[in-house]
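Letters A, B, C and D name the chains as they come in the text, with residue numbers starting at 1 for each one.
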């Protein structure tokens, strides 16, 4: 299996495949379906200081090749995550990446400081890109100075490496990536969802009670891939890429664009066995492409830069 | 145990206006219980993308066949309606917790509205097999959307209500309920939320089980799409994995 | 037909349906298929001062429910558009909206000044959002000050009302809308394409010779709708909405979100008769919804603001 | 005249490895000419979204039927390959300018590579009807992807080349061309761009027509997706509406 292995700050991944935050809960439901130790890592649902109920329902709506969600960071709160959810996951041989969210900078700092000391948490994922909450969330991820300051503050308290989850709802994602790099981030995860909306044709009323929601799934893959490609050119930070991954070819594409590992979100809803299936198919894909290891593919799209001449 | 299976469509037909009856064969049928649901992938495509939750309406474990009854609403059910005998059907299931059939003792009232009627059919069959008398009150929009009236009638006394009065009692199921005796020990109901609320309020002293609907993502409890506020110690419940059937009183208005 | 009619600055539209710029050429090809006088208006292909060949091919790639294009503003140049293309369109009873692009501010000003005086040009559409050219294009549409300055300059020379075409590739589209409103824009058209990318799975090479391209089609509709909705809340300018429209329900959705009229792009490639078909279906749709006229539907999604109460 | 029609699939079968022969019926067949193409919508879905350009391989105007031959490559052609007799086929066409059949006088050379072979078949039939002798040189990857060899042979002398040498001459069509007489007056060719270039360079003095491929959007000349630089007064040509067939020398390298 070592040809699938990927080493990133804090993370010794058996393979580059992991479920994305919010699409896998805290792993309990999927643990009934397969052995979670197969996974490269697990990105758990966003954790906030206090328990949150989230937004009113409906919270999801389908769109062409995609879906909107406005869950609103529902979670049982830091305390319960520490005492109930993380201990449950300790039975599996898999690194946990703790997605951390909050309304104010202090929230992020407090949650990161505490959760980063849980025995199986190997990295913190700073969620500065949730489009579905009124305060915090995306506001921290669209301004480079704020993003940098938050990264610095969390880095100062975290016992494990800090990955920052970038929002695609920005004019220049490279600028945000560079800002959090300057703030000391150990890695990037990207992308979170694109802000979108669906209406009831009959009434004109927004289908989501929250009115707007985050767009994910195959529809957003071209945008995600472009962003990974752009960011890869300009930072040296490791990237965990995501956005619309549902097949082995998608994994290859994200690696090619410059991701070191990938996360799978929406596809878990369509096929709950997607992560182990992707992991199983990966060696065959590498053979097909004549690649010895996953890292042989990382960033290969950038090789075409030099030879391509344009009018 | 939740499994994902490519089942085989045995047959499909339109049994009422926009109402389809689809029977499929596969090994997960062995695990199915009345009131549970399956999560169907309408096509091997990104469009429609998500699975669709559909109740289990009838189970034939010996034949490994189950039947679902659904109304075409949008893209997903329309694509589903094109399936023909022999086609593959991507099913995740069985999901959720069904109706507790052993709760009813002597006589049960089953109240269904529209596409809430289907799960009551297998329930009625199993109750009847257990020797429980069942009374069925089924509400529909109009005569042309009534389905399974004779199937229910073959099991027990069956009342039909239609909103436009073109069949049975004119109005809602509650109009029928107000006119029939409440000599049952347990009631079971599935339908739109306002109907469930009305039924719950009619029989405050009885044991009752209500099956809820919510828009779903995963269908297995992982995405928090389908939550409802609850009246019990839990802050909230998930329709997909804590339900869809809840004892009366659990789900908050 | 008057229940379909819409009156906007410079534009007396028989109906709110028009082909979007770049998806209809200069109308010649479609004139062989149907009578262009049926259309509400025609947004012609971007015109630049000099002729442009555009980017190398491949210039299009399909994605899930969408497509990428990197045409690169190919057009025969202002002179030929004035002497060959616009005169051809004069035979039809349809207002022309001239999409204007350039590499520098002077280009925009010169083209707008001249083209706005062509007899059948009723409005100018400032394309400050093309993601497929190295200079100009999107650069003018992502910075509010530049967008405002360009709008002012073009307004000063244009003989007809000026609509500004907004890019979705920004952190805050409302900010850009407000800037061009302050710059004197008469209306907004939105959205242009989202920047995206597709790779060849086998080689990792970008499929488009330009590497990145603009994403359009049903995949982007949720984003477009959300942006129209947001912008509608904050400006009084008329909006011509677009992004993924391919069915009567889509037209209704854009009107509901706040558009006054709509444009159809990618769908012309899938069904070249889509515009007349949408126009024909619209009265029936209005009947279904109990609406007397198109304007009855405009902005109705916003009515739910006041009555909706959230936790 | 370009029309959009829901044609009916008459039959479809796989005639070689990943090569499908699909025959459809409809009124636009009456307007078709060899070398033109149709723009097919693979499914009534957003995925695949765009139409796919496929050449017209055979025309039976009396029956209102035409045949296309295509190789499954990606999502669009895979979905197309699932069509069965009786299914609807959404066709826009006929598109582009075909081969000028009246240019050939006595003898014509037809050179096709892979999925460039199909349009040459109707061309060969029509030339033959006009009394023009045709020689066919067809290139494929491997023996299992060879198709229509006997159909072409029934019309005129036919040479096959395969890249891996499993059938006919080993190598490219140019290997065959170098070994046969150039006693034809006109040549026609369709295949990958490097092949067209090579053929063009082999016969600088002859009248020749080449059919090109490009990724397309609209297929009717409106979107500028399919342009090639040209050597003539025009700066560029559009493959879909100025082509796909061009006189040799027009399309720049």
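The definition used in the following text is that a contact is a pair of C-beta atoms (placed from the backbone, for glycine too) under 8 Å apart; a residue touches a chain by one contact, two chains touch by 3 or more.
All values derive from a computational prediction rather than experimental measurement.
Peer 1: What chains, if any, are shared contacts of subunit A and subunit B?
Peer 2: Output, common partners of subunit A and subunit B: C, D.
Peer 1: What is the distance, in whole Å, between the centres of subunit C and subunit D, each centre taken as the mean of its C-alpha atoms?
Peer 2: So the centroids are 36 Å from each other.
Peer 1: Between subunit A and subunit C, what is the gap in Å from one C-alpha centre to the other?
Peer 2: Chain centres of subunit A and subunit C, defined by C-alpha means, are spaced 33 Å apart.
Peer 1: For subunit B and subunit C, let me know how many angstrom lie between their CA-based centres, rounded off.
Peer 2: Their C-alpha centroids are separated by 46 Å.
Peer 1: Counting only residues that touch at least 2 other chains, which ones in subunit B make the list?
Peer 2: Within subunit B, residues 46-47 contact more than one other chain.
Peer 1: For subunit A, what residues touch not just one other chain but two or more?
Peer 2: 53, 64-66, 217-219
Peer 1: Just say which it is for the chain contacts: an open line, a closed ring, a star, complete, or other.
Peer 2: Shape of the chain contacts: complete, all pairs touching.
Peer 1: Help me check something: in the complex, which residues belonging to subunit A touch subunit B?
Peer 2: Within the complex, subunit A touches subunit B at residues 22-25, 28-30, 32-33, 45, 51, 53-54, 57-62, 64-67, 69, 71, 74, 217-219, 246, 266, 268-273.
Peer 1: In their complex, what parts of subunit D are in touch with subunit C?
Peer 2: Checking each residue of subunit D against subunit C gives 1-2, 4, 41, 46-51, 75-76, 92, 214-229, 235-236, 241.
Peer 1: Which of the residues in subunit D end up touching subunit B in this complex?
Peer 2: 45-47
Peer 1: Could you list, by residue number, the parts of subunit C that touch subunit B in their complex?
Peer 2: Going by the criterion above, the answer is residues 64-65, 218.
Peer 1: Show me the residue ranges of subunit C that touch subunit A in the complex, using the header's touch definition.
Peer 2: 53, 55-56, 63-66, 68, 142, 169-172, 194-199, 201-206, 209-212, 215, 217-223, 225-226, 229, 244, 249, 252-253, 256-257, 289, 297, 300-301, 303-304, 308, 310-311
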